[in-house]
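Okay, so subunit A shows up in both of these, paired with subunit B first and subunit C after.
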Partner chain A sequence: MEGLKDTRGQIIITMALMISILLAGLSYVYSQNLLAGTETSITQLNFPKNEIRDLRRIAIEELTDYASEPSSFLDRAKELDRQITTLYALHGAYASIDVFDIKKSVVGGQETITSFMIRIVFSNTEVEYEETVLVQLT
Partner chain B sequence: MRKPFLFSSHDSERGVSILIEYLILSGILMIFFAFIVLQFNDVLGKTPLSTTMKNQFQDVGNQIAVKLTDISIIAPENGYVKAKIFMPYTIGDYDFKAEFTQVGGEYVLKISSERAGKSEYIPINNIALKVLPVGSTFSITPVHEIEYTKYSHMMPTAVALAYPTTVEVGSNVTFDMTLSTGEGDLWFRWDFGDGSSYEAKYNPNNPSQSLVEHSYSADGTYTATLTVWDSYGYSDSSTINITVIPQSQELDPYLFATKYVIPEVTEPDNPVQIVIYLRGGGIIEQARNISVMHVIDVSGSMDPDYYGTNGYTLYNSSSGTASPSKWENYVNVDSSFSSLTVMAYSSSGKDIDLWVKSPDGDFARAQYGITNGEMYFVQNPVEGNWTISVVADYPTGSDTVTVEVEKNGYFWWWWYFSGTLVSSWNFALDANASIITFQIPIVENLKIEVTPVNGSKELHLWVEEPGGALKGPYSSSSGTYYSDSNAASGTYTAYVVGDFPYGTQEFYITADIAKIDAAKITAKTFNSFLRGTDQVGVVSFGGQGSGGATPRITLDQPLTNNTDQANTSIDGLYAYGGTPLGGGIKKAREELVANTTTGNIPVMIILSDGNPTITSDGQASETLAIQEALSEAEITKQTQVNNESILIYTIGFGSDANATLLQEIATSPDYYFFAATSEELQNIYEQIARELKERAAINITITDVLTSDVTLSETPSNANVSYVGNQTVIQWNISSIRINETWIGSFEVVPNTEGLILTNVYGVSNVTFIPWPFTGVNFTTIYLPVPELNVTRLSPEKVVLK
Partner chain C sequence: MTLEGVIAAVLILSVAYFLFQSTMIISPVSDEVVYVQMRQYGQDALTILNNESGAEDTLQYVLKRINSTYVPDKLLSSLEKLLPDYTDFNLQVYYVNLTTNKIEVYNITNRIPTSTTVTASTYLVIRNGAFVDDSPFKLNSSGIEGPNNNVPILLEVRLTLWRV
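Right after this comes the complex of A and B.
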């Protein structure tokens, strides 16, 4: 009779072990399910499209405005670049706007800027963006 | 009962029975266990794992699709975007792969695990990219990214311009390529059409160096060709016709018009500039001389001495922000304070202001004056930190200031008895004025005033005169200002001091002069545009005698070629009395009739700031004075001098001017101008001076009708835009273009289709004008050329997952 009781105990232990394994497996699967969808949400929130669009808009609009005064154009463009870099650094990103290839005309007797190019750079931990924009003014 | 052979006892039988029972039970349990395990594996293992993989595959796939969408929003026309992709090494112990592919003609992103036999598909058809993304990445690689690239090159565009386009044999033509465009360094070559050519590198920093002069040795029509090329080997050409006439042939004023699209080659949806170019031509030596009479209102309203502030006009202005020069500290007030006294005084007597702010935020100016300073006193002060501010109310220099705080002082009647000294400070306080300088010529009246903008904080103004004397302070709140009669010419330095303890204050500062001063300055500016062969004279009209009701109409300067002499006469004008405008017109007409040089254009420029008030025979009636002015103007317009009508320009100066009357007096309403300020008056005189030179064309209308292949993306300035059917009509109206004057109109369009397209409709896109010598109303039409725009995909975009 003593042996019979020991055997039944083994069954109980075996069943308990089996249920524990199943519960552990279940919790692992469940934890993986919990993570599903997070990357999509993070991407939707983190992608800096507005920062890049703002940077592009500021660069083109401001520099086009500055180009009406050819003598101070480069100085003002450099100052704008410095301010942009500082501003974006405050938000944990690198941004710069570099003006080059400035073309000038003397048609009409006055020296005017007819076109220039802007290299716009943005970079943070997830996205790297670089664009060269031609601004044609004439 | 017979016992079984193999069993010797009851216990043994039972043992065997139990063993068999155990074995059977174990077997059943093992089967059941195996079944449960299999079911659990399916229910709790495989099924959840499958769901997990599906979810996580979709998560990774959606992440890539979302990034692809975001990239498409900011996709550069010329550049790249790299975005990191985050993928777990494994999902459910299975590695996997992400790749762009096509399934059933649909663009999809496939996430799959070969070992797990699982795949998920994310459709990406709707993402606004023009190309199918390519590439793949495995989850076990450490870095994943999606990269968008598009690199385009701006093809060079040659814009050939030359002036003049009609020229005598042997005279120089300037060939101008500086409107040409391209990427990076550009070279150009002019083939002049007579066998000669010129080649050079375009220097954008000094575009004048790229102007080429060339003359032709024989008459005829030559086609000059401009070729522009860049360092990448791309090139473009454009031509312009030059008409060369014999030296003996007269060259009447003419108008040249052409049109370009820049650049000529572009990508779909990229804007291009349309440029319309007009230039007056002709032999400028044939431009005619003028005989001009200044008719200047010298009534009392032109002078602040008689007309108060309305006699002033703005000469110059500036703006800035004033911030006070301030020292600040605090004292802690506790229950031992029955009263609080703060005293501040300067050592050398410069003006300082004391402000005190209580712990509950109220601040107040000190109530009592003391020697070289101010004192604040309050009984039963609120406990806490009291802020003490001392503001420097002086424009320059520095002073040493002492601040003392006492408690438990008291007043007996008007006598203050000191309490216990709690704190004291001693410090230097420097002035902090905003400094603005004005260059002022000699004027009869000068007024400099500062006004707060976007606020009403107190500002104090000091003005340092050219001789060095410092005048002030003038308070913005009480409306006081600096003024001087017979002011010397030179630099006037204004010091604006913020007399407030907190914040800043924006301000607007003006330098006003008498209207008579502005009239003199601008009339003399006009004279500076005249040549030695032009004539200039001066008539003034005002009043004299008691009340100024007696007309004072004087020929201050008969017509002369000597502008210095005329300027001296203008300097001698003074304002007083009524406004006999009609008499002034009559006097000027008589001078033009008597002394205009043969061949000169007779011109009268009338400046007035108000209604006529007296007639030339001394009747003080505004109605009669207006009637007389209109009558004299009509007679003047009918008067022929050397077979030419007298041109009458009128300028209303200041808000009191009678615009309706002056428009009627002028040759036509276009000859009337209004000036609110001295600067505007100067611009008008300059404009009249330019207009009086010979013109190449008048009443010019430029019409450009866009085809439906392009869309106007930016409305051009000073143009009327209308839409007829699917065509856009852009129109400019210009009163005149002078010889050697250039007019450029430009606007931006975006192509609607790909391929070789036309930007405007031939025939209806034209320039109409009345040609020289401007007799009659017959218009000449120049049809604008139709530049072609090549819209093509110069370089494809690429999207790669890797």
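Right after this comes the complex of A and C.
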């Protein structure tokens, strides 16, 4: 005790305080890093990118196949819409495809669909997506 | 040993102790990142296999032919190749039974998962007439062949993944 002056003792205490503040600061940065990583992962897991992509593909590409039979086209679209709504509800989402404004032309006594509009709706707790597409067939 | 030294040591140790005890440090760590990656693998595999090429390992080919006896070996082996070695999977098909209006599940594989799984899904539309006669997805309600053949049937193929 005799060899140690008061000032040196104060330096030890001050250094300890600085190390403590440094530790706390580092752990804060570290935990923020973890939280950011976790948040990003959860967002990526929940974001319905593929669900919306599949919905658009069904509405625009797959449904177009049925346009070659104009008399039953609307029924087929409604049938598909009903199944889409039911199956998407399994994932806690609302989805629908709504066909309207079907334009037809009669060539040589044969009725064909020339274009139609589709409203695509997807909604869950995080994302609201709505799009209206004009599908031109000829 | 000095009094200041002891106080300094106690200060640093107590700060370190409280930090490691705090909820700040014990937050859910890196598991989610692995699940994101697994789900992405699953989604990619399904996207690759969901095509109209007519190859025997595509979802379209398999789902049109599936019945109680058909085993989609090629699809399952392609899935095993596409997914990383540390995962196992179940493949299920969800569909709306148009006769009863209820959601039904057809299990292509029936393995036992662990408690933590992730799922990836893809959707495809197949005409009723394209299914084999004893297909679980086929709509046979009215008995009239013609109109029923063109009814679109929506199938959700769900891939459940877990680490082994």
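By definition in this document, the second predicted complex is superposed on the first by the 101 of 138 C-alpha atoms of A that agree within 3 Å, B and C clash if a C-alpha of one lies under 4 Å from a C-alpha of the other, contacts with A are read in each partner's own complex, and residues count from 1 in each chain.
The rule we apply is simple: a contact is a pair of C-beta atoms (placed from the backbone, for glycine too) under 8 Å apart; a residue touches a chain by one contact, two chains touch by 3 or more.
What you see is a predicted model, and the numbers here were worked out from it, not measured in a lab.
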{"item": "Subunit B versus subunit C as contact partner of A:87, first or second or both or neither", "value": "second"}
{"item": "Which of subunit B and subunit C A:72 touches, first, second, both or neither", "value": "second"}
{"item": "First, second, both or neither for A:134, with subunit B first and subunit C second", "value": "first"}
{"item": "Which superposed partner A:105 touches (first subunit B, second subunit C, both, neither)", "value": "first"}
{"item": "First, second, both or neither for A:16, with subunit B first and subunit C second", "value": "second"}
{"item": "Contacts of A:47 with subunit B and subunit C, given as first, second, both or neither", "value": "first"}
{"item": "Which superposed partner A:62 touches (first subunit B, second subunit C, both, neither)", "value": "second"}
{"item": "Set of subunit A residues, in rising order, touched by both subunit B and subunit C", "value": "4, 30, 35, 37-38, 42, 44"}
{"item": "Residue numbers on subunit C that touch subunit A, as the complex places them", "value": "2-5, 7-9, 11-12, 15-16, 19, 22, 24-25, 27-30, 32-33, 35-36, 39, 43, 47, 94-96, 98, 103, 118, 120-125, 147, 150-154, 156"}
{"item": "Contacting residues of subunit A [partner subunit B, same complex]", "value": "3-4, 7, 11, 14, 18, 22, 25-26, 29-30, 32-33, 35-40, 42-44, 47, 49, 52-53, 56, 101-109, 111, 114-115, 117, 120, 125-134, 136-138"}
{"item": "Contacting residues of subunit B [partner subunit A, same complex]", "value": "18, 22, 29, 33, 36-37, 40, 44-45, 48-49, 51-52, 55-56, 58-60, 62-63, 66-67, 70, 73-74, 76-84, 86, 91-92, 154, 161, 176, 178-179, 181, 183-184, 204-205, 207-208, 211, 262-263, 271-273, 275, 277, 742, 744, 746"}
{"item": "Parts of subunit A lying in touch with subunit C, wherever the complex brings them together", "value": "1, 4, 8-10, 12-13, 15-17, 19-20, 23-24, 27-28, 30-31, 34-35, 37-38, 41-42, 44-45, 50-51, 54-55, 58, 62-63, 66, 69, 72, 76, 79-80, 82-84, 86-87, 90-91"}
